[in-house]
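Chain IDs A, B, C and D follow the sequence of writing; residue 1 opens each chain.
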Amino acid sequence: MSHKARPQRSLTTEALARVEGEGAMRVEIHDGRVERVELNIYEPPRFFEAFLRGRRFSEPPDITARICGICPVAYQMSACRAVEDALGMEVSGQLRELRRLLYCGEWIESHILHIHFLHLPDFFGLDSAIELAGVNRPAVERALELKKIGNELLELIGGRAIHPINVKVGGFYKVPTRRRLLSFRPVLERARDLAAEVVALVSGLDFPDLQVEHEFVALRHPSEYAILEGRIVSDRGIDITEQEFPDHFAEHQVEHSTALHSRVRARGAYMVGPLARYSLNFDRLTPVAAQAAAEAGLGPECRNPFQSIVVRAVETLDVCEVALGIVDAYDEPDHPSVEAEVGAGVGHGATEAPRGLLYHRYQLDADGLITDAVITPPTSQNQAAVEDDLVRFVEANIAEEDDDVLRRGAEVVIRNHDPCISCATHFLDLTVVRS
Amino acid sequence: MVPIAYRVEWRRQDLPDTVTLGIAPVEAPLATPTPGQFMMVWAFGVGEVPLSVSGIGEDGRLEHTVRNVGAVTAALSRARPGEIVGVRGPYGAGWDLDRATGRDLLIVAGGLGLAPLRPAMLEALAERHRFGRMALLVGARDPQSLLYTEELEQWRGRFDIEVEVTVDAAPPSWRGDVGVVTKLLGRAPVDYAGATAIVCGPEVMMRFVAIGLTDAGVPPHEIWLSMERNMRCGIGHCGHCQLGPEFICKDGPVLSWTRMEKPMMVRER
Amino acid sequence: MTTVRSSSVKPKLAVWKFASCDGCQLTLLDCEDELLDVAGQVEIAYFLEASSATVAGPYDLSLVEGSITTPHDVERIHEVREQSKFLVTIGACATAGGIQALRNFTDVDELLSIVYATPSFLSTLDTSTPISDHVTVEFELRGCPIDRSQLLEVIGSFLAGRTPNVPAYSVCIECKRRGTTCILVANGTPCLGPVTHAGCGALCPAFDRGCYGCFGPMETPNVDSLVGALVGAGMDAGDVERVFRTFNAWSEPFRGAGVSEGDP
Amino acid sequence: MDVVLSRDGVADLVRQLRADGRRVIAPVRRDGAIRLDEVESLDELPTGWTDDQDGGSYRLHRIERPELFGSATPAMPWKRWVYPERTLLMTAERRDDGITITTPEPEAVPQAFFGIRSCDVHALSILDQVFLDPVDPTYAAMRRSTFIVAVGCARPGGTCFCASMGTGPAPTAGYDIALTEICTVERHDFYAESGSEQGAVMLGRLDGRSPTDEDRAVVSGLMTDAADQMGRRLDPTDPTAARDHYDHPRWDDVAARCLACANCTMVCPTCFCSTTEDTSDLAGVVSRRWRTWDSCFTLDFSYVGGAPARSSTRSRYRQWLLHKLVTWHDQFGTSGCVGCGRCITWCPVGIDLTVEIAAIAREPGGST
């Protein structure tokens, strides 16, 4: 793979570590110019959209959760909201709050996992969080404690952390008592304090200078830092409802990957995820999180993918605050769910998975059976942007002779984006070919 | 339900999958078992299994012959001298040799079944005068899977006991009998009607032996079998060992054919 | 199983992934209280989700997640087997083919054309099959996803040389130990608990929800008899077929479950 | 000592029991059923509710009168408060100089079973036979610390058959206090009888009046009526007749319906079988041994010599039924069944042991 002084260089990573799921990357360099970058997602196709045809309207939350074990709640929430849209149901009040609370649990768990297990070791030139524990055990112990709290929150509301069982179209099977939620308050307070420490830790890291120019796309809500719902907005003027998503965004297949690529119809590559979300919603952060962001040196906009680690930490702190607010205001609803009235219809649902916008669309027949399903996960939306970043990274480091150094760097670029491969519903190896 | 610590004093590899462990109490010993009783023997972190006592020594010392068939027996088979195992017991009803006083004594063993019979055999030989004629009939899969071969040779050398050995399959060099142990029944030089038989081996073997002995004239209440069932507690609490109305752990493991005939003739009892 | 613990060398652990959602491997990272202990007792030699560093085989304990869905998978699982002394499959994908085994009931070309514009770019098998269809497996841990304490029990028992305490009886037993009132009897809520393998601690009924079978069939599942009760609880033939056709759809007898002619 | 207590008097009984430091376990309405839980006052009992029980079905509905004990046997039996579903037997720790083994002190929180029916009181005495000889320390400690407030059953359930088992509906022994609720248009009070020294002392602390002959007549009338209203009946000659019918075709018939899910054994107040589990920490330093409820319906239960002795559902159902109704007599001199009907109600497919034993005893094909 790596040869000295050759006209053509090729660099391959067999499997990309510390991204959830697996994929491979291929970079071709000719005469000192980057010709091609391909993110080759070899996660075998699992055909979710096809399997959903003929299933009942009530099934997508359980079935689509299995697309991704890292962010099942995101799938459940987008699925529920799309089906509810199709059936004209409204899930509001405390049931909506409980959904947000459940989602907060997943954000805490997923963000802390990404920050400490996948991203942070790169900043120390280490291979894993276990190694990190060798140099900074308190940081890893803190991460584990915080992650556990996220999982406990998921278990409290959802029954279990991975593929929660308590989520249904219309709400929940069983809702917690007020007493039970309040008893969790001290734990959430602890989480908030720990999250503040995480912000402090990651804001002190050295960040390479890199600014991305992609169009940022995220949800935006009138009063909340949008997680569960909002309008789909971008920094280049998109401002649409969930229902209009298909009119503005299109997925297409590329030869080198089992993941479909998604593009803005009018322009092309775009980016979802923490950077986009933060830059579009900075003004919606809770005061505590906004303050922490300022102290961490983040402006109202953040375009450095390396700094996404700081954004995630700030977001973690934010959801702890949000969760505390929800717990304090909780009042046990009379019914754990809203009754569904079966009928034909088309529905759309978009929510903010920890990795970015996740869109579902279902078409139902009169018996409530699904006739068509579309799922657009964050990874397929970011795929083109990741490839762009990779081109720029390799170009900027073209003088680097050591393929291993280059490979590690490229992997870091990918991990900045946190592509959750398994969730590229329809879907990494690094090969650098130089000539 | 709590074991006490015994230290492994010695270990003898009897067969490729079978070892005998000599163990001694670390502190005060448990009550001395009688022949045919069993102990619950525990391996740290692995589990606990019922094991017959295959030897009863001085100062609470015990011998257990263990065949490696699963996790616990594997762990016990691995135990080296110096290691600690947990033991509780003794449990159950053993061989009632007092009952056999004045009668002929027939001892029938299949495979590992010789283990629980060994203490009875040793006791009977030590008090040989108490019994009439004595015969030991041993069946094994092949010559390589015969237990306690040295002792068998010794016993064979005695004139006050008839020792017969048969194997299911044998190389040409084997000079003994070939075939199942029931074959030996009729040959034992005892007065069947006046004999007490004590039998241990796989359940099928015991069934055929019991039937064969009855046919030969041994009264059903003089045929004693050592039964095996799953046991978690050894004291009649866990329910696992039930066979018909019997709790094998406390009513048995040694039970008469009078009580066992019915349950043993029904499949999946 | 024989113990692999010895004083000097730590046993090597590898975690492998095939077609799956990553949830089962994540379960290992979700053992927050025990993770550093695990790392202390075993050498995490291959676990891409957690570490870029890899150590060459052979491995003492391999955890395999995911099902076999591509020709390349078939080759890879044999390589994994060759390098593994003790191979444990984790989760419904690896033990039963997973949700992706729904393809086994239909025509894969059609599925491909629903999802992809140019299906010919893709290399995939017609079926999604459990690991045990391809190589010998020492132990199968069920669940979609697996249960955290059961995973720790499998690792702990492997280290101790013990048979894992992972019973194969019904969810009902766990449900009653937990003290939950049977929702099938008391509420007429359809529940697959009686035919489903224990392991989750009877989670769903505790949340007023019928078990949907995510741990797959129990040791002696009487699906036909339960189907009668499900129909009695208001399920129609379509509902019955769908409820068995999820994450363990390809395992018998869930595979053939349905309302037959003679049923009420 | 006999007294008549008002509802307030009974409420005071709960208070007094709690004042003595006892946790009071009583029926409560939760998750669509009457089940058992710790209560702080009489108000938590399900006033004005009753149950409709049938094979595989249980539904609650309201009744007109404010009866406290208007329902039949609660969903799960009382056994978990004397025989917990999971008990730590010992903790072992590996040290340099060997292994130390410690046993936990058996938990014996003083408690009261408040509102336990006669069938369930009988079930406790059956468990006593199992667990007090030889002694199980946990059971013995918890049992000793239990104060029994029994209740005569005025409304037997649809699956009850205590009358035919001779275990009810009126409590006859094994209690500290027995209550009978009298709830008519004219009156709502409780006839209370002491069955032990401590029961009499307790009644003495309560504000009650002496009973009249009329009170006695009302109570005995209630109990006679109740005995006539049993939803099920088990002919006492059936178990004996079925004794040797191991090969009856009905076993196959029931096996086709039986889910082997073990619900019947879990809800049975006398089923006592357990298994043990050894666990260890990852470092292999600490090992624990647990006892958990088990069931004869599992394959592991009879595992011996490489296979389950009872591999077919047929043989496992047969083991359960014949043990419960037949061999229990050989072992303990009583039936293992007290006629509470739980196994019928809580069987998801409604298998009814009274029907099965009758078929096996009487239908052709029994002789072997």
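Here is the rule we go by: a contact is a pair of C-beta atoms (placed from the backbone, for glycine too) under 8 Å apart; a residue touches a chain by one contact, two chains touch by 3 or more.
Just so it is clear, the structure is predicted and the values come from calculations on it, not from any experiment.
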Chain pair showing more contacts of the two, C-D and A-C: A-C
From chain B, the most remote chain by mean C-alpha position: A
Chain centre separation in whole Å, for chain D relative to chain C (CA means): 36
Chain A and chain C: spacing of chain centres that average the CA atoms, whole Å: 25
Centre-to-centre distance between chain D and chain A (centres being mean Cα positions), rounded to whole Å: 52
Whole-Å gap separating chain A and chain B, where each centre is the average of the chain's CA atoms: 65
For chain C, residues contacting two or more additional chains: 160, 162, 208
Sequence positions of chain D contacting 2 or more other chains: 278, 280, 284, 287, 300
Shared-contact residues (touching 2 or more other chains) in chain B: 45-47
Chain pairs in mutual contact under the definition given at the outset: A-C, B-C, B-D, C-D
Sites on chain D touched by chain B in the complex: 89-90, 92, 94, 98-99, 101, 103, 130-131, 134, 136, 244, 246-247, 272-276, 278, 280, 284, 287, 289, 291, 294, 296, 300-306, 309-312, 314-315, 319, 323, 327, 330-331
Chain D partner contacts - residues on chain B that touch it in the complex: 1-5, 26, 44-48, 69, 84, 86, 202-203, 228-230, 232-233, 235-240, 242, 244-245, 247, 262, 266-269
Residues of chain D touching chain C in the complex: 30-33, 35, 56-59, 75-76, 80, 85-86, 256-263, 266-267, 277-284, 287, 292-293, 295, 297-300, 313, 345-349
Of chain C, residues touching chain B in the complex: 1-3, 160-163
Touch list for chain B against partner chain C, complex: 45-47, 70-71, 74-75, 78
